[in-house]
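Right after this note come the structures.
Both of the next two complexes hold chain A, though its partner changes from chain B to chain C.
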Partner chain A sequence: MDSSIALILTQDGIVNGAVYVLLALALVLVFTVTRIIFIPQGEFVAFSALTLAMLENGRFPGTVWLVLAGGLAVCAMEAGALVARHDWRYRARVLGWNLVYPFALWALASLVDWRGAGQLARIAFTLALVVPLGPMMFRVFFQPIASAPVLVLLIVAVAVHVALVGLGLWMFGAEGYRTLPLWDENFLVGPLRIPGQAIWVVGASLALIVLLAQFFSRTIYGKALRATAVNRNGARLMGISPNLAGRLTLMLAAAIGAISGILVSPITTIYYDTGFLIGLKGFVAAIIGGLAAYPAAAAGALLVGLLESFSSFWASAYKEVIVFTLIIPVLFWRSLRTHHVEEEEE
Partner chain B sequence: MSADTKPLLEVCGLCVSYGKVEALHQAGIRVGAGQIVTVIGPNGAGKTTLLSAIMGLLPSRGEIVFDGEPQPHPDVEYLVTRGMALVPEKRELFGEMSVEDNLVLGAFQRYRRGERDYRDTLREVYALFPRLEERRTQAAGTLSGGERQMLAVGRALMGKPRLLMLDEPSLGLAPLIVREIFRIIASLRERGVSILLVEQNARAALQVADYGYVLEMGEVTMQGPAHELATDARVIEAYLGLGRHQERLAP
Partner chain C sequence: METKKRIILGLALALGWTMAAQAQVKVGVTVSATGPAASLGIPEKNTVEMLPKEMAGQKIEYLVLDDASDTTTAVNNTRKFITEDKVDLVMGSSITPNALAMIDVVAEAKVPMISFAAGDKVISPVDEKRHWVFKTPQSDRMMTEAIVEHMVANGVKTVGFIGYSDAYGESWYQSFSEAAAAKGLKLVVNERYNRTDTSVTGQVLKIVGAKPDAVLIAGSGTPAALPQKTLKERGYPGKIYQTHGVVNPDFLRVCGRDCEGTFLPSSPVVVAPQLPDSHPAKAAGVEYFQLYESKYGKGSVTQFGSYVWDAGKLFAAALPEALTKAKPGTPEFRAALRDAIEHLKEVPAANGVYTMSPTDHLGLDHRARVMLRIESGQWKYIP
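After this line comes the complex of A and B, so read on.
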């Protein structure tokens, strides 16, 4: 291998790593706030990429049906809770977000000519479709069992993932898609050819990370999510409901996933089930951070990206194997370290 | 308690069970507006259970009326919005977050309802606890026991509660700090905050309170104006003096 190949592989690794950073951050966030090991994270990536592809091709995105069904399910569950507790305080908000909003999306999806609309408009509509799936998923599947053990939450998360992959096949078909790049130009820097889309991916990831850091350190809602992660009981006593925190967290996770999907789909072909593999790589990175530390998770994600691109050069048939094998030494190292910490505490 | 004071909190026939064990049996208490009411009793009498049930942290049977509104299904988040606050025995601070972030989160529920004046409330709380202002950038987990208690009370006050429930505020604190905490509790009454105080330190609690209840084995066994309880022979023997009861407890 000469240095120019190494540079190209590094560039590839950083671009992929940037997306894994986003997913790893989302997984750490979801786990610390809700204790859910969020397997369906990758589905947001695939669904947003494929929704955008449908809009570009002038086809009706099946995501609309999912949002409608999710909204109706939330309405039914809330109605049950409202009747049982005679608690009608939130009826306007529940109906607005889960009935009016999905039908408005449906009307927009049917009436607007999305093929003729600009790329930015299509991206905005994709986000409008995919992001609400997060809070809906929390309300329907996780809120009723929010205090269950981590293992139960994990099993439900796996079930939700499997169901969503099936629905993905039904909504988008088995065909893979690439979406239009946001920036079509290429830049030559020495031996490197840097595609504009790669700059977009890295730049947008960095911007999103800064935005998230600001959200968690400066806003009351961000602090409330951190507080829930640090001390759930204390947060409840401040009136920070775990349900609100869960919905907000899954909304952020869905937004991060959807943005990741929009960023990667011009450089990778996305199928209905691609999300799982991408999410799993984010998960390996999150494990490096112990599902708790954001900077370690981000560093881990870059490591996963680089490892992936270099192993695809040396042993392309084994590239996934090599990436996922990384988890074994990491778990070993982490278990040794955790043991050490416990000793210190005693 | 004078009969004409409208109670802020009225609890009737409250029962709480852990499995088959009944931790609280037909407990009834009233807290009038602007009053300090204390519940004293030995360890394991159900004092913490009582506060947790009122706050909606534990399932209970019985009647709870807060500010004239019956609470058939007490719900923590809703009660916080209505002006109830609990400082639990474990304080439940956000240990990794700064003192100031802890305090700001005390105003979360008010912020969510559109009351965005938490900076003013923060100044008031700092005026009450100057020590917290000195330590505002420090992580809450690094504070001393007394400072943690101040932070827990200050955080609760950030929500501008009308009823503040304190669970063993003096537990594990040095005598000098205990005196400081009770001085602050007495000063809160002047701000119109009603207080329900659960204490093992019966002497200090009865000194500061208007009315008192004695909780034993999950039942209210005595009640009366605090100065009367403080002179009651049984209370003196069991909770204030060095009577037989305490000698028996000592190893």
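After this line comes the complex of A and C, so read on.
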């Protein structure tokens, strides 16, 4: 192994790591605000990449049906709640987002010739399709059991993940897709050949991290989420709705996942079930951050990316083993460092 | 009292009538139409719908179940076929682990089975249990021999190998390294990757560093495109070989320009219209090719579906003899059907010519494989 190979491997590790950083941040965010260990995070990655690929190939994206079904389910659940409470104030908003909006997407998907539209228009439409799945998922699956123990939330999260993978096969088929790169240039720096798309991935990840930091420190919604993460009951007493916080969190998680999917799909082939493994590596990174610390999670994600890249050079057959074994010393170290806190049962 | 008797008589008559109507041949098919092997199972399921519904004056009923690429489900499906539906023949499943698990079930119930899974272990050695089991796909060894022969004929001396880090990659490595050693090819580098990997840069750097004359990528379907794209990206100048596991239109779509000039072995059915008229698999292959394309669109033919088609051919060829021995639905008929399949000689089908024997339950020879080259996004037959 010479220095040029080490450089190429480092570059590869950083590009992969940049995506794991985003997913790790989303996992930490969802866990701190809602206590859900968010297994379906990877599905947003796969669904957005595949939706974009469908649009590029001029095929009707199955995600539209998912948004329609999700919207109808939310409407039905909200209707039940509204009738019980005789509270009709939010009917226009509920119907607007969960009935009118999905049908508008459906109309757009069938009427517009997406193959002829620009790449940016397709990306915008993909985001418009995938991001609402987050809040819908929270409303349908997690809001009714928001105060359940972490274990129950985890089990539901696993169930949602399994269901979504099955739906993914049905919507997109078994074969993988690659999307068109945003930037098809290559740059030669010494022995390195840096593809434009890799610059996009790293740049967009950094930009997203800065944006998230700004959102949490400067906006009222961001502060509300932070307050909920610190103390759920305290935040509630201050008038922060845990349901709103949950919906907002999952919307952010879906947006981060969808953007990650759009970023990686030109450099790798995405399958309906790719999301799980990418999400799992983000999860290893989030564990390194103790599911609570953002900078540690980000550093962990880069570590996972680099470790993966170098182990694929030295011992390719054991790559996954090496990456996932990383979690054992980390857990050991964490368990020595922090004293055990009994989980609060409500 | 009188009414009651009448009702009983009526019921008995009705029951007898339905029993008579059921005197037909039943075939239970389990395929992996969902799960990781879905790209194999879906064309197989499509092909079942094209099999003849009437043969040798008998109505044939096909019962199709999906086993979701899962071994337990495949076994449960097989049990259901045998105990509830009383089938005369079991077909399936798409992948080797499932087919291996089904052997015990069919052997215990003494029902013949034709597998669409490629693994050699499904049919060899033909022991007491495998007595009941046949398969239609070419074995990996036939394909590796084709690759090695082509490499030697084209002046390749050193080879690099990259395959899945699971049983699939391992079994390819085994059979390829044996075949290569026999012909004096030197295997200089052996790398592994996962179907779901997002990057194989590390492995490819190592291969490029070892400078082999050719690289064999042992993957299946679209995941086999990733090493090839990375090899091209890193400027690998040598020949690239893929296996017959990549023969589907999606692989060409994902791999695009980077796959131009790739060599691969395959079943003749994929290029049936390009074969010379003298090729024994041409007629059956073209028949299947045209039927499938007319139903599922141009460029949709894969060899996976043709395994089902050929299972149908074997069944059709064996059925008349079995019918002379016993009535469908009886244990005697199932045994007779098994014997008839084992006695088949020179049955031309889409994948080649099948000649079964008590020691060979595959029955294919070198006529069952051809070498292809990818040219302008198409499979091209190289004579």
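Everything below uses one rule, namely that the second predicted complex is superposed on the first by the 339 of 346 C-alpha atoms of A that agree within 3 Å, B and C clash if a C-alpha of one lies under 4 Å from a C-alpha of the other, contacts with A are read in each partner's own complex, and residues count from 1 in each chain.
Here is the rule we use: contacts are C-beta pairs under 8 Å (C-beta built on N, C-alpha and C of every residue); 3 or more make two chains touch, one makes a residue touch a chain.
All figures in this text were calculated on a predicted structure; none of them were measured in a lab.
Q: When the two structures are laid over each other on chain A, do chain B and chain C clash or fit?
A: They fit side by side.
Q: With both structures superposed, pick whichever of chain B and chain C touches the larger number of chain A residues.
A: C
Q: Just checking: does A:Ala224 make contact with chain B only, chain C only, both, or neither of them? Give me first, second, both or neither.
A: first
Q: May I ask you to decide whether A:Leu237 touches chain B, chain C, both, or neither, giving the answer as first, second, both or neither?
A: In the superposed model, A:Leu237 contacts chain B only, not chain C.
Q: Counting only touches as set out at the top, which of chain B and chain C does A:Arg178 meet: first, second, both, neither?
A: It touches chain C, and chain B stays clear.
Q: Once the shared chain is lined up, is A:Trp65 touching chain B (first), chain C (second), both, or neither of them?
A: In the superposition, A:Trp65 touches no partner, neither chain B nor chain C.
Q: In the overlay, answer first, second, both or neither for which of chain B and chain C A:Leu169 touches.
A: second
Q: After the two structures are laid over each other on chain A, how near do the C-alpha atoms of chain B and chain C get, in Å?
A: Checking C-alpha atoms only, chain B sits 38 Å from chain C at its nearest point.
Q: Please report the chain A residues shared by its interface with chain B and its interface with chain C.
A: none
Q: In the complex of these two chains, what residues of chain C are touching chain A?
A: Touch residues, chain C against chain A: 34-36, 38-39, 42, 165, 191-194, 196-203, 205-206, 209, 221-223, 225-226, 233, 248, 250, 254.
Q: Quick one: which bits of chain B touch chain A in the complex? Just the residue numbers, please.
A: Listed in rising order, the residues of chain B that touch chain A are 55, 57, 73, 76-77, 80-81, 85-86, 88, 91-97, 101, 104-109, 111-112, 118, 155-156, 159.
Q: Can you list the residues on chain A that touch chain B in the complex?
A: Contact set of chain A toward chain B: 85, 220, 223-224, 226-227, 230-231, 233-241, 244.
Q: How about chain A: which of its residues touch chain C in the complex?
A: So the residues of chain A in touch with chain C come to 5, 8-9, 12, 15-16, 19, 166, 169, 173-178, 193, 264, 267-269, 271, 273-274, 277-278, 308-314, 316-317, 319-320.
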